[in-house]
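Several structures are given next for inspection.
Consider the two complexes below, in which chain A is the common component and chain B and chain C are the respective partners.
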Partner chain A sequence: METNFGPKVIFELPGGVIITETVVNTWIIMGVLIIGALILVRNFEKKPKGVQNAVEMIVDMIYKLTEQGMGKDKLGFAPYVGTLFFYLVFANLWGLTGFRAPTADTNTTFALAIITFFMIHFFGVRKKGILGYLKGFTEPIPFMLPLNIISELATPISLAFRLFGNIVGGLIIMSLLYGALAGLSVKLGLPVPIFEVAIPSIFHMYFDIFAGVLQSFIFVMLTMVFVSMAMD
Partner chain B sequence: MAVYTGLVEFGWTFIFQIINTIIIFLVLKKILFKPVREFMISRQKGIEDTIDEADTIHNDAMALKAEYEGKLEQIKEEGREIIKDARLKADEQGREIVKEAQDKASSMIKHAENEIERENIKAMNELKDEITSLAFMTAEKILRKKLDEKEHDELMRKFVEEVGETEWQS
Partner chain C sequence: MEYTDFFTAFINWLLSFDKKALILAFSAIGAGLAMIAGIGPGVGQGYAAGIGAEVTGDNPKESKQSIMVMLLGAGIAETSGILSLVIALILLFGNPLINLDGDKLVLAASAIGAGLSMIAGIGPGIGQGYAAGKGCEASSKNPEASKSSMLVMLLGSAVAQTSGIFSLVIALLLMYANPLATIEGHQLILAASAIAAGLAMIAGVGPGVGQGYAAGKAAEAVGINPESSRGATLVMLLGSAIAQTSGVFSLVIALLLMYANPLVTLEGATIILAASALGAGFAMISGIGPGLGQGYAAGKGTEAVGLRPRLQAEVVKTMILGQAVAQTTGIYGLIIALVLLFANPLLQLL
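Let's look at the complex of A and B:
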């Protein structure tokens, strides 16, 4: 049974730059997404048919989601929202392949949360001007200033740990479950570890598929809401 | 033996993941979201344009139809008007022709009457002359003597006129 739940180091570049399985898995996911997009968008025709309908529906869904979550004037965020959503869904479901999900790593979740954090403040300043933006911290009363600052700083931390906790929690539970089922097979002296066949799939459904898709959606929705709130 | 990093440990992975996220965002934006979105918008615009165009053409056609129907009606009206005018004109012309003919006929009749009158008078005068000379000759024969022509001519004319007035007037 695995005792270390941290990501594995795959190789080390000169200068002590460690490449973990998180980064490698992310590269694989990026490759899948990019190649998939290239193949799907390659043969677009004026009269849609087959898979083109599905691609158009998904892209349209992303734009509609952005419009609902952020407003019509912020449709420019849709490509980032869509990218984030696709990347998170793939990353969260990556655990099903037997590899480690990239989101089961605080480095990944914090990277995404920091990008959201910078988006909140960059677009807030750009929309309201630096003074209007700073004034927002003293509302509704100046006394709230420290609380507002803490609240702003807490946003990326809560975003990152919510996602990380859900995914890594599932990972640990699944790992413990596999260990327990394997142990049970050994204890009963079965030649084939029969318990590991069907039972984990139910837990995979919950921890990987349900929690994974849900957390992807939550992360995307919160990013949209925070950025659009900073701008309005 | 595999080397593991800590479960919550920040390292180079953090930098890599930020860069990875930005790269995947830029690439997907370029190859997926932008082209698909533009494709869909252009198609939607194309459909809207086609519908608008069809509407415009339909409206134009309807306007043309109404115009031509109006024109046709106008032409029919004009045709009726022309026929009516022609009929009126023909009637008038006919009447004029008849009137002219009548006038001409009446004037010819008058002319003929006048001519007859003149011929009558002429004939009567000739007859009078004839009778005068006849009477003169008769008288000459009866008297068998030469008369002063001038005197007797006057006498005879008076006689004949008296005779003519009584005889021809009745």
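Let's look at the complex of A and C:
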């Protein structure tokens, strides 16, 4: 049975840059999102109807979520929040298509977590000034300085691994399950692998849809909360 | 030197057995270890049943609905017990390890690792049982909001299962897709790594209990104030996600030990390397504390938002600040585990 759950290398660019499944799948998702956005916003009118209604509802929802997570004064973050959320939902549900979810790779989750990390500190400095920002590390008492530094550094690590762990856990369980069901079909000598049809769907519901959407939501919420906490 | 002799004698004694016999013997231990998870559902369901009895006494007319909620929640709390039972039965009746190629000591240790990993099931069992009890209580106190409090309870319980699922992943990997068995040599280090991967996963007890507490508090909050359902659910999910952190760290260490084991490439005394793997696994157990504590904070945060939805931003802020501090000892454990694996200072001392 397969014992390697890492992403496969698809091809190598000159200069030794390795292009894995993760990168290719990310390109596809980027394409789907960009083309989808371009198609959906065509022919917008003053009076919304049809598709425009649905799009406006989604945009409203993202703005409401941003307001709830960050406060009214930080609505400027909504476009990033929306983009991040849609990318994560697509990436986490990508496993359903039979391809590998890009978020089952620490490179993807760390890239996203590092963006959050820089947002926390950039906006913290911009809002409070460099001195006010540095002073934040000695609060509530100067004794807390090392603890505060550790917890700032731990934030992106736990953010990245939380997403990765949940998605890769689902990926491993699903591939073990498919392997076991295929083994069962072969053992019983069935010409058609009927076990692989219905049984995995319940597991896909939990591991891909439930965990995927929940973890997207959590990543976005935590990003919002951390950034807005750095600014307040 | 007497002790090293004892150790060598022990390993040699183990190696003197036939491969199949050794794996089967260790599988017996693994099956027993897995069943320890039964502590969780036992405690949790007992709590739920107690609340069920209490609400029947308080409000006999509405008790039918709340008892149903209690039974549903208790059924979910059984999940980790059932998962452990499945692992134990596989080890007993359909042991996949005896058919694998590889070193017998590594395969035998994998059976123990799989069993140890399942112990994490204690957490979800207790936590989901608490949630079931609170859901039952909420349903009895406010029968009209019974459905929404039950839904929140189910959502929270599904989240609380996460660490149990992580443990199942590690146990199944050790049994069916064992990456350690295919590595040549280093049998003692690899065997220790298999056991350590299982040990690390025990940290899942913490997040399981903590997230279950948060789920219970969310069900309670929705029962008291159905209007606050959205905010309470949100805070519960956020708090639970942070309470999951130590469980995720353990999963990462376990996967590292299995797929990118740095110890097998190091030069040094085998006994130190093998013991370092075990030490890394033990260090990760510290995650029980942060998981429990952060879950408690998540539960209290949810309760506060349920009572005062308008103060959500402030409550979340305080909750997350406190949870970040509560993570500290778990991060110390992680640092020690990573030092043992990647920058072991003990090797140079010899």
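The rule we apply is simple: the second predicted complex is superposed on the first by the 231 of 232 C-alpha atoms of A that agree within 3 Å, B and C clash if a C-alpha of one lies under 4 Å from a C-alpha of the other, contacts with A are read in each partner's own complex, and residues count from 1 in each chain.
Criterion: contacts are C-beta pairs under 8 Å (C-beta built on N, C-alpha and C of every residue); 3 or more make two chains touch, one makes a residue touch a chain.
It should be emphasised that the depicted structure is a prediction, and the values quoted were computed from it without experimental measurement.
Undergrad: Of the two partner chains, chain B (first) and chain C (second), which one does A:Pro156 touch, if any: first, second, both, or neither?
TA: Neither: A:Pro156 stays clear of chain B and chain C.
Undergrad: Chain A residues in contact: does chain B have more, or chain C?
TA: Partner touching more chain A residues in the overlay: B.
Undergrad: So in the superposed three-chain picture, is A:Gly71 touching just chain B, just chain C, both, or none of them (first/second/both/neither)?
TA: Second partner only.
Undergrad: Looking at A:Gly6, would you say it contacts chain B, chain C, both, or neither? Reply first, second, both or neither.
TA: In the superposition, A:Gly6 contacts both chain B and chain C.
Undergrad: Mind working out whether A:Gly95 is in touch with chain B, chain C, both or neither, as first, second, both or neither?
TA: So A:Gly95 meets neither chain B nor chain C here.
Undergrad: Report for A:Gly124: first if it touches chain B alone, second if chain C alone, otherwise both or neither.
TA: Once the two structures are laid over each other on A, A:Gly124 reaches no partner at all.
Undergrad: Which partner does A:Val225 contact after superposing on A: first (chain B), second (chain C), both, neither?
TA: second
Undergrad: Regarding the shared-chain residue A:Asn166, is it in contact with chain B (first), chain C (second), both, or neither?
TA: After superposition on chain A, A:Asn166 lies in contact with chain C alone.
Undergrad: Figure out whether A:Tyr80 sits in contact with chain B (first) or chain C (second), or with both, or with neither.
TA: first
Undergrad: Go through the superposed model and pick first if A:Gly212 touches only chain B, second if only chain C, both, or neither.
TA: neither
Undergrad: Could you give the residue numbers on chain A that contact chain B in one complex and chain C in the other?
TA: Of chain A, residues 4-6, 164, 168 contact chain B in one complex and chain C in the other.
Undergrad: List the residues on chain B that touch chain A in their complex, please.
TA: Listed in rising order, the residues are 2-14, 16-18, 20-25, 27-29, 31-37, 39-40, 43, 46.
Undergrad: Mind pulling up the chain A residues that touch chain C in the complex?
TA: It is residues 1-6, 68, 71, 147, 150-151, 154-155, 158, 161-162, 164-166, 168-169, 172-173, 176, 179-180, 206, 210-211, 214, 217-218, 221-222, 225-226, 229, 232 of chain A that touch chain C.
Undergrad: Along chain A, where are the residues that touch chain B in the complex?
TA: That would be residues 4-9, 17-20, 22-23, 26-27, 30, 33-34, 37-38, 40-41, 44, 46, 55-56, 59-60, 62-63, 78-80, 82-84, 86-87, 102, 105-108, 110-112, 114-115, 164, 168 of chain A.
Undergrad: Residues of chain C touching chain A in their complex?
TA: These residues of chain C touch chain A: 158-159, 162, 165-166, 168-169, 172-173, 176-179, 182, 234, 237-238, 241-242, 244-245, 247-249, 251-252, 255, 259, 312-313, 316-317, 320-321, 324-325, 327-328, 331.
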